[in-house]
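For reference, chains read A, B, C and D in written order, and residue numbers begin at 1 within each chain.
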Amino acid sequence: MELFERLMKLDRRWVFLLLIIVCVWAYASSFSVPILVMPEVQSIYDKVEGLPEGSVVLVAIDYDPNNLAELHPMTYALVEQCWRKKIKTIFTALSMNGPGMCVQAIRDITDSVSRDKEYNGVMYKGREVVNGVDYCFLGYKPYYAIVILGMGQAFNQPYPTDYYGTPLDEVPMMRGIINYDQVDLVVDISGGNITDAWISYGQGRFGFDLALGLTGVMTAQYYPYLGSGQIIGIMGGLLGAAQYEKLTDNPGRAKDGMRVQLPAHLVIILFIVMGNVGFFANKWRMKREGRA
Amino acid sequence: MRRQIPFGLVFIFGIFMVFQFFVPHEKSEWVYEFLLDWIIVIGIFALALGIWSLFKVSVEKIKQGKEGGNYSYITLVGLYMMMAFGFTQQTGDGWGLYFLWIMLCSACIVSLMRLRASTDSGKKRMWALASGGLLVAAVLVAIFDDAWAFFLYTPEGLENSMFEIFFDHIMMPILATMFSLLAFYIASAAYRAFRARNVLASLLLLAALLVMSRFNPFIPGAEYVANASNWLMNVPNLAAQRAIVIGIGLGIVGTALKIILGIERGYMGRG
Amino acid sequence: MEFTSFLWLTFGVFVTLCTMSFLYKDNPFYKFAEHLVVGVSAGYFVIILWHQGLVPKLFQRLEDGDWYFGYLNSSHWEYMIPAILGCLMWARFSKNYSWLSRWPMALYIGISAGLAIPLEMSNKVNKQLHAMMVEIDWANFFGHDGFNLLDVTSGFSQVLIMVGTISAIVYFFFSKEHTGVFGRVATFGIWILMIGFGASFGFTVMARISLFINRLQDTFDWGGVAFDSTNQHYSGMFPAIFWALILFMIGYVVYEIVTYLKQRSVTTQ
Amino acid sequence: MKHRFLIVGLLLLFGLSSVWAQTEPPEADSMVVDSTELFPAAVSDVQVVDKPNDHGHAVIVTWETSADDGGGKNNVLRYEIFYSTSFDGPFDSVGAVPAGTGEFRHIGSKEPLDSAFVPDYTDLFYQIDAVTADPTIRTTSDVLGPVQCSGQWFNTGRIPVLVAVLIFGLLTAFFVLSAKRGKKLYVRPIGGIEAVDDAIGRATEMGRPILYVLGLGSAADVATIASFTILGRVAKRVAEYQTELIVPTYDPIVMSVAQEVVKSSYFDAGRPEDYKEDCVHFVTQSQFAYVAAVNGIMLRELPATCVYMGKFFAESLLLAETGSLAGSIQISGTDEIAQIPFFIVACDYTLIGEELYAASAYLGREPKLLGSLKAQDFAKAAFVVLAIVGLLAANFEWSEFTTLFQVID
């Protein structure tokens, strides 16, 4: 019986100690946690996975450094999946600090794709990703709503040149790609209200397939669009990013984060359960003693 | 009189601000912006009172010989250094006697604190002499050293490399770590308080448990749990928040009305 | 990375650990970090408020005037008023005139109370009232695809939000005891409140743990720098300092354990 | 006769030539159409009005979208809006809106030196271009205007707020006056408020201090002002019991006001000699540095009671958990919704949202202060009734009713 009382009145420093140990251990080790994939993330993956070689995906990098922790992993997993499958990508950045994020992502992913790697049991040879052939980065332009609409007419209308200054007509991969009609999927990875413009001006007017990657706090308010079919999927926060990393079999920072999050949550739940077990056992004993 | 004039001011300016909200005209807007500037300026002038209070309390701790009173030196030297960095910047490539100056001033601050904290007159005299001497030395260094200069009205000091280092490597790590202690406190609070004592506590507990398990793949019906937690955040949580917001809004308006009309006077001293 | 930068980085890790030690108990290291950060942050805000508040709001406005005219020849002479009011705050330094400081305080409170009334009424009452007048989605009352009560946009959820809000408002009534039907509605209201609070508590856990992960990341990065031999300024001092801090930490932990064991043996005797 | 043939021949020739001319122009025409086809139809029905309910310097331009926007040639991409202070120009571009939009708000700067300055009481002229994917292919509308913009003295969009404030103010005044006349106002007991007095008593018994935290709000936050009243009450009891009071503050103005409040409470309790100014002191204006200091105070002074009233942010849980570690009874109240769950979990008593304001009225122990509580109850009842009626109105498509409550900024 003393045990149950102890369960109830444990010094909180044991909670701290266990939590620290679990977090540091989970952070430093390299095991992977099972991640439950939600249908709204699976649908994005299925869409990309179903695209044939040479298809075009537009990735809109609309976030800045303060949302990097949650959103960068989504970009990394998604773009790497595309490039491994030789799907061409067009990048846009409609938030002020987006280009920096995009350049960093392109550099890192190019580096990663140049090595041989196995995903989901399929071996991919490392290859050189070439600017202008495998991807085209259009850069930043202000007035995002107008840019989104403009690209519906022709990409070279808002963007006469790409980010590096090459006229768009001279970029090899943009030959034959005029507007959204030639794009198979648009993924908006965003930490702000540019998402609304992609939904209403972009998807609403041109009817392309749109998927969203959002920060954790934003996620809840975009579920209605999923219900109405305006978007094909949502990746929400670190959780969504980790799910996508799991689907693409490309563990990155989000899975690292979840590796800490899950055991930490479990520790907290464990302590709550312990406290309640102690509480009920104690109550039961008191009742019994009171009767006796 | 001493009490009536302040209440009169509260009434006049309060009423003006209430009606200003409905008058979009440029003139009313100008007064509005001007009054907001008053608030900012008054607040910054009052900061001198705050710093004085911090100084007094720190010295008091040393004077009383309280355990850990000596840590107060760290506080005041840290405060002084940050302010000194923020008002100075190097003018050439080198720093000259800058660090000597900082040290002299810090020593001066310490001896000033000792001066206020000591009680017997012999020691008082000694510390007064010491702080006076250090002050003179510091002023001399400041006058004759050309490697750096004071910038009171232009923000060069914000780019002082020492100012940045103190911010990046002292302030930020401690503040961020303080914030991150929440990870542990949220766990211990949950452990301590989430007991199913009664219906209300059980509801709190169950809702929290459900939301915390929203990405836990080990429990049965994991997908259902994820949907349910999404629903909890969007339906009951929204209802609760909306009800509280409305109550708070009316509470604020009611309290503010009482303040303006002079019914509520508890915030103003007497005598 | 240069050696001095690494030293500062190490100092950052050191104060991180000092602050962390508060989890165990109040100790000299925490006191050091606490007193340091109080001073440094107070100084930081003095500087920020000076350069970004006082200078643009007051000095720059008055700079075209002359101090010996009391700045009355400045084009913004009216800014002498807040300056004078600010100086009145300093009357608090004196015992006899401290009542003068009530004038600026009264202005401060009067202006902000007046500001709050229409603004809060508009944002927290009028707009919420209008937001509650929604058209309920009767066609999809039980969810959009078949029977699914957990659909956030279903008519059922909309009705529940409405009912929940109203019963929670009823809970906050001060004029009536919570009895009878009124009491039952209020009870439902507090249920909704508690579920909402529980959910938002549970939702926050993840963000808070992320904060700790960030601190871990910084500490591990510091370790990385200490052993990064590709660094052009790298020298044997880097790992030496790393190990010095680690050993110091371990030493302190051992010291704490020993004192704890000693104390325990004293109390058990 | 000869001439007749000639005339007929000429006529024939003329006729033929006209036929030939008629067949020829279609070709030329089709070429012209080819290039005019690129040009979209101009916008129609343009109207320019001064933007209502503002400080001036703004104009609203509305138009019927071009026939080639969303129909016809469907080649309009955006509309670009130009303005000038004279009919003949030159016209400056002031912005663009995506196709499908029929309104542009030209909101200028009020600073005369700003490049975006739009003068009041001056004739302004506007032009709208329907622009296609190729920016050189665009159709300009006629020059519109003149229009003059000016500031208004009343914002009609905010009438619902004015009505609400006036009604609420009258209700408050009515209840305060009736309380003054001696009418008893019933207010049900509120858990956390009752606890305050007990907690002070406990601190006295234990000989330990009371810690009062006013939160991170400035004196401009009504929550902080409400907290001052509660502080006054607490300080008075503290003075009566001769317990120690510690009030670390975050804001210098809050510190000054709190010093006045505590001082006058000691006067009221008849113990002005016990008042020490330093019991209310300033710490720092940095959120977590403040928390670090207050946490230190808690573990060193071990207060018997911690009271948290005012505005709190992420530090709420840090304070409350350390307080419980120090073994204090904790009473909290905040109007910061996101922090209420943490206080509920970690404190012994929590005033939820508006209960904080109720507490300041309730603890003042003056009947007239309770008047505003009654007014709040009436307003809440009205709110519930209006919300239900409004919901029904919205569902039975009685939009006149719901728009009555709409606030337009």
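One rule holds for everything that comes next: a residue touches a chain if its C-beta (ideal position, glycine included) is under 8 Å from a C-beta of that chain, and two chains touch if they have at least 3 such contacts.
Being a predicted model, the structure only gives us computed values, none of them experimental.
S.K.: If we look at subunit C and subunit D, which chains touch each of them?
M.R.: A, B
S.K.: Out of every possible chain pairing, name the one holding the most C-beta contact pairs.
M.R.: Ranked by C-beta contact count, first place goes to B-C.
S.K.: I'd like the most central chain, judged by C-alpha centroids against the all-protein C-alpha centroid.
M.R.: That would be C.
S.K.: With centres defined as the mean C-alpha position, give me the subunit B-subunit D separation in Å.
M.R.: 25
S.K.: Report the inter-chain centroid distance for subunit A and subunit D in whole angstrom, where each centroid is the mean of the CA atoms.
M.R.: 32
S.K.: Return the distance between the CA-based centres of subunit A and subunit C, expressed in whole Å.
M.R.: Going by mean C-alpha positions, subunit A sits 28 Å from subunit C.
S.K.: How many angstrom between the C-alpha centroids of subunit C and subunit B?
M.R.: Centre-to-centre distance between subunit B and subunit C: 10 Å.
S.K.: Using the touch rule from the top of the page, what residues of subunit A touch 2 or more other chains?
M.R.: 12, 16, 20, 23, 220, 223, 239, 261, 264-265, 268
S.K.: For subunit D, jot down the residues that touch at least 2 other chains.
M.R.: 158, 161-162, 165, 168, 220, 222, 225, 253, 256-257, 259-260, 283-286, 288-289, 292, 300, 321, 340, 342, 344-345, 352-354, 358, 373, 376, 379-380, 383
S.K.: Can you tell me which residues of subunit B touch two or more of the remaining chains?
M.R.: Within subunit B, the residues that touch at least two other chains are 18, 21-22, 39, 42-43, 46-51, 54, 68, 171, 174-175, 178-179, 181-184, 186-188, 190, 192, 194, 204-205, 208-209, 212, 214, 230, 233-234, 241, 244-248, 250, 252-253, 256-257, 259, 267-269, 271.
S.K.: Treating touching as the only link between chains, describe the layout with one word: line, ring, star, complete or other.
M.R.: complete
S.K.: Enumerate the contact residues on subunit C facing subunit B in the complex.
M.R.: 8-9, 11-13, 15-16, 18-20, 22-23, 31-47, 49-55, 57-59, 78-79, 81-83, 85-87, 89-90, 92-93, 99, 102-125, 128-129, 131-132, 149-152, 157, 160-166, 168-169, 171-172, 189-205, 208-209, 211-212, 214-215, 218
S.K.: Across the complex, what residues on subunit D touch subunit C?
M.R.: 158, 160-162, 164-165, 168, 185-188, 190, 219-222, 225, 253, 256-257, 259-260, 283-286, 288-290, 292-293, 295-296, 299-300, 338, 340-342, 344-345, 352-355, 358, 373-374, 376-377, 379-381, 383-384, 386-388, 390-391, 393-395, 402, 405-407
S.K.: Considering the complex alone, what residue numbers of subunit D touch subunit A?
M.R.: 75, 77-78, 96-100, 132-135, 321, 325
S.K.: Which residues of subunit C touch subunit D in the complex?
M.R.: 19, 22, 25-26, 30-31, 33-34, 37-42, 44-45, 49, 89, 92, 101-102, 105, 108-109, 111-113, 115-118, 120-122, 125-127, 129-130, 132-136, 162, 165-166, 169-170, 172-178, 193, 197-198, 200-201, 204
S.K.: Would you pull the subunit B residues touching subunit D in the complex into a rising list?
M.R.: 18, 21-29, 39, 42-43, 46-51, 53-54, 56-57, 60, 67-68, 171, 174-175, 178-179, 181-182, 185-186, 188-190, 192-194, 204, 241, 244-248, 250-259, 261, 263-264, 266-271
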